[in-house]
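Down below are the structures I want you to see.
Two complexes, one shared chain (chain A), two partners (chain B, chain C).
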Partner chain A sequence: MKTKNNPLYYILFIAIFAILLPAGYLSGLLSVNTISVWGRYFCFAIAALGIDLIWGYTGILSMCQAFFFCLGSYGIAMHLLLKKTVAAGAVLPDFMAWNKIDTLPLFWQPFHSFGWSLALCLLIPALFAFVIGFVLFRSRIKGVYMAIITQALTLAMWLIFLRNETNLGGTNGLTDFNTLLGYSLSSSSVKLALYMISFAVLCAAYFFCYRITNSKFGKVLQAIRDSESRISYAAYKVVDYKLAVFVVAALLAAVGGMLYLPQTGIITPGRMDVKASVEMVMWVALGGRGNLKGAVLGALLVNFLYSICTSLFPDSWLFILGFLFVITVLYFDKGFMGLLESIKQRFSPTRFKTPQTTH
Partner chain B sequence: MLLNVNNLAVSFGGVHALNLDHFSLRDKELRVIIGPNGAGKSTFLDIICGKTKADKGEIFFNGKSILGKTEVKIAESGIGRKFQKPSVFPGLTVHDNLLLAAKMKKDIFSSLFFKSTPALADRIHSVAVKLSLTNVMYKLAGDLSHGQKQWLEIAIVVLQDPTLMLIDEPAAGMSDEETEKTGALLLELSKAHSIIVIEHDMKFVEQIANELVTVLVRGKRLMEGTFAEVKNDQRVIDCYLGRTNAQLETL
Partner chain C sequence: MLMCCLLLLPLKVAAQDSASIYTAQLLQPPNDSVRTQAIGRLAALRIPATFPLLIAINDKKLYLLDHKAVTVDSKPTGEGTYRLYSLYPDNILLTNSSGQPLLLPLSALQTVDIPRADRLQLAGIAPLLNLFSNDAQKRILAYTQLKNTGDSATLSILQAALAKESNADARRTGKDVLYAARLYSATSTAAAKAYIDSIGDNWSDNAPVLLRNYAKAGFLNQETAHYAAAQAISLEKRYDSLQRIQNFFSGLSLGSILILIALGLSIVYGLAGIINMAHGEFMMIGAYTTYCTQVFFTHTLGIPQTDLFFLAALPLSFMIAGAMGWILERLVIRHLYAKPLESLLATWGVSLILIQTARLLFGDLTAVKTPQLLSGGWQVSPHLTLPYNRIFIIVLTLLMVVFTYLMLYRSRLGLQIRAVTQNRQMSACLGIETRRVASITFFIGSGLAGLAGCAITLIGNVVPDMGQTYIVDSFLVVVTGGVGKLAGTIFSGLGIGFFTKISESFFQAVYGKVFILVFIMLFMQYKPKGLFPDKGRVAED
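Right, the complex of A and B next:
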């Protein structure tokens, strides 16, 4: 009795973001910054899809998605910074020179090449996720312990990235880029292009997750969430499935991070502090857990709300977010998407009552 | 012998939950295990299916030792388990519950690229018919009644097509009619599978115990015999106090 393939959502979504917003910009109604801001939200939505896979579908609360997001961002940032440095005829990025480093650290070397940067941006998070997941899932850590350990890990990584000795820019992060593959990042047409690419990648990621969750693989994930012991007595290797979905979620976060960077122009460890990693989970909680549309909607809506609230009442954003979260937990645990569905159900009672009135 | 158990012992916090000298099961045998609460019946099944680790002892299934293997390895070798508290996947439909259980390759890639075949659909349908689940195929398993959940879990075990089925209190929470139907089903299944059933309901035990009944008391095997022998054994009667005792006497 699920209304799975209601095209209305997709049509609305594409109409607004692929046609209305770009048209608004081209006709001069919207500034290019608005476009860029939404482009960034799409990146968050991509990461949110991953969180929905791992948490909403599989029931593993991973608090280190923000870290994977940052790994993607940092990788691209390193590439952009090196390009700029080389173009300026220098050997070292400015911040390294200030830190009195005389040779480029070894791990920066591969980021000279764009291809290597892309590959490493995906490989490193995947490898991290694989190792973390392998250790945690094999030792059968689950539930709140999983959340605490992954959060602690993100915190540890945050502390490492904050240090100047890590050679990743410390607290200030990496910033001040000018070109990506020769295109100037400050030009409006590049911003629009990045917006469209982010949108396309979001659609592709959604389609990919949709296929996964509707395959038998997706059903196994839900079965792991519902009853882990039952599924292992049915001869499914739970660790393999958890590991696979954890790596996929990490990759989605990293892809989000990679697209995010050129649109914001800065990445600091602040993107993966405790607040940021909790917020990412909240997008999915508010949008609707175990529902891909909910994850996308949650990420877009919460961030949109954030930008409104921070300009209207700058100091109260966290209170508003906390209030929303409490309301969600108390009154509509299926999030915003669940609320929409139940409203729809109320307004079209005939469709849902027929199966019950037949007997 | 399909299953051979020797000197199996496990204790929880110093209490001997199970101390079984010997237990064996023929191929295609239906064995009922009875015993008062805390006799170690469920613990015994837990050890066989890998949920609980034994302190010592040996279990041979089909001639191979399965003690200490993982749940998945044990399930793959052909042992299926139904738990005392019905454990199904409440967030999935009945159909999906059955689909996941069905015997097939269960690694990640097979699941990702899984396509249903008519043979599989038929098989799921025929098991669903056997367990009266056809009317609720597309309902969420979490919305089923207790009795239906019990049947769904039995269906899950049946679809796994194990050599040995471990069935823990299948009739708990069922009406008399449902209980009888469950009994008939187990008898039919025992033609093709070996089954160990744990049960409290003596009427139900009488219905299905065509072969041996094992009585466990405080983790030890008290006796083994036909239902009539067990029923009239003074030691068994002594062990059962209260309600279950009354049940035995009325038979």
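Right, the complex of A and C next:
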């Protein structure tokens, strides 16, 4: 059931974010902060693509994507902090000195080098995802059970990251960086560059996910979602497929996290608490799951709404979000994209064409 | 001892007489220097009978009533009047003719002004005076200050204070000091052993250290030193085993809270097949109902200091949380029965709304005052206290488990609930009104959560996001126990409760939690459907 791809969406998307926004900044209409904020939303959108792959296409509700996101962020943060510490002539980051630690913990050592940091930022989440996925999928834990256990896992990790003994900054997290590969993070041209990089990575991630979902592999994933037992009777190794997509989703989340960090300049365990992890899933639900465009759109829209609402009426954001959750789930099963599709269907002359089913 | 008393007796009588003279001089001094001298003499005499008087001087609470010295309570009774105590020769509560405590305002009393310089003469015997203070905390401090005194006069005063001691902790501390002093001055092996035994029986916090120090110093002889060391070890062993019982009890109470929350969750989940993320918020609603009941009782009805509100709050929190659950089922969940993952998100949205509503209504932190009946604890032995509020929670859980069991397995409604849990369509075909059953189940499940919230106000604050603290844990209980299984919920709730507490004594709390999670994940490897899985065809998807 291949849908005809309407290039209009892509053209509009690229025109707005790759041309209009940077142009607005260069002509002085937009502040560099706006650019940076949208750069951050792109990172969320990258993670949302991963969630869409695992939840929208495979039907596994994983609540630990926020944790993978944070693993990516923390890895880069450790590198930046070490660079700053070495440049200042110190041996230990400030917070460790405050916690009365005298030697750099072993797991911080590899993060001196940028290359190693990048590799570890991807390897560690992938490894985590592999182990967790292997244990869970092998015992055929699925559906709600899967959601609860991954949620509990995120909670446990959150608790660990909150502690000072973990040597990752505790509740305050890691913050106060100045340079990335020698470029000052506070300069506006670096911010613009990071924005453009995030955008490019988002486009690449989208293309990658698009290829996956339209490949044979992607079809098997959707078959798992629609009827897991049938596809396993057809001699497909369901566990392997699930495991693969789980690792890919974790990697996407980690990439999002890695790009997110230099643009916000702070990472705290708050990014992976229960609320954050459910919210990430909600982006996809609101945008339209089983639909890659929906995932991207959902992440961008919810976060944009968040920044507007928290500045205009801070008390009501949770109300708005809560009602959005309920209404979306009750009435707009396919999210925002589903709503667009149904509106389009109503007004298009070919209204008797079978609509795309996303179950 | 007796000899000693007999010898002291004439002396004591003489001292008593002079104390009376000095007291009289103090209260009606011909001039200031006589008063100064009288206070100095009284301080030097150190007669316990005069201590109440000296304390009154020290605290500037000395008054005259009909030319007799009296003092007052530290706090007035309701209407600005005070209870009065006579000071010398005896220290008793004054009563009026009908035997009721005599209550007078301060204006009815004549204040006796003692200059500061005179009061300073008492500084040297302040610890001794404090032994007779009305404040138990002060007395405990005074006992510990006297720890290393060996002189017999002080010890006899200490003994006099102990004879009057009413507070158990203070008595234990005091006896410890007394026995220790006697032990160090003991001259025979038998006497030393007897004092070591007394210290062991008394068993204060300090006892093992004290005995070890004695053993190390090697007073008297080798035998007593060994005896003291052995006694210290046995005390420590007993302490450890009591600690283990305390841990066991904590595990039991944590487990019963988890059961109380998970009970409702499990029924609802089993019946509707949906994850109710707002379940923790029903608990929060129950807690706020309790808070509101308290406010209503104390402020609106104007009944202060009563436990009645809690009795009223128990059924109220059940009803209100249940009603909210019923509304939620009607408005949202009814439309989502076939979609477990969607309902998870929708109920999460509901929980966000509820939390924010609570925050706007009540602010960030409120607390319910523990009913007087449930404050304190049952002191099983010196180092083992089981708090009443935790015992209450355990009993409440027990009752609720029995109630749920009867409801599920011994009533028509329960039969219907179990039928719908097993197969919704088939039950509908057989004439069960599945929608009505679902509503009632939701009512009961949410009500149980509300009751849990009411119980939790006994041990913690009431905050808008309190539900979130327990929700993941209680989901773990449901997952481990198996969905909709009463026995599974009980076993896994208790198991997780105990496990948490036990692992907390080995690791820190956080790592304990991680440890439990890993354990559950491994457990699910070979029991993916929980502790008590369905057998046969029901087990199929």
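By definition in this document, the second predicted complex is superposed on the first by the 344 of 359 C-alpha atoms of A that agree within 3 Å, B and C clash if a C-alpha of one lies under 4 Å from a C-alpha of the other, contacts with A are read in each partner's own complex, and residues count from 1 in each chain.
In the analysis below, a residue touches a chain if its C-beta (ideal position, glycine included) is under 8 Å from a C-beta of that chain, and two chains touch if they have at least 3 such contacts.
Just so it is clear, the model here is predicted, and its values are computed rather than measured.
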Partner chain in contact with A:70 - chain B first, chain C second, else both or neither: neither
Chain B versus chain C as contact partner of A:216, first or second or both or neither: first
Which of chain B and chain C A:322 touches, first, second, both or neither: second
Which superposed partner A:302 touches (first chain B, second chain C, both, neither): neither
Partner with the higher number of touched chain A residues, chain C or chain B: C
Which superposed partner A:135 touches (first chain B, second chain C, both, neither): second
Touching partner for A:229 - first (chain B), second (chain C), both, neither: both
Which superposed partner A:237 touches (first chain B, second chain C, both, neither): first
Chain A residues contacted in one complex by chain B, in the other by chain C: 229
Residues of chain A defined as touching chain C within the complex: 55, 61, 135-136, 138-141, 143-145, 147-149, 151-153, 155-156, 159-160, 162-163, 165, 229, 274, 278, 281-282, 285, 315-316, 318-319, 321-326, 329-330, 333
Chain A contact footprint on chain B (complex, rising order): 49, 51, 70-72, 75-76, 80-81, 83, 87-92, 96, 99-101, 106-108, 111-114, 138, 156, 160
Sites on chain C touched by chain A in the complex: 269, 274-275, 277, 332, 335-336, 340-346, 348-353, 355-357, 360, 468, 472, 475-476, 478-479, 508, 510-511, 513-514, 517, 520-522, 524-526, 528, 541
Residue ranges of chain A touching chain B (in the complex, touch as defined): 1, 212, 215-217, 219-220, 222-223, 225-227, 229-238, 240-241, 244, 290
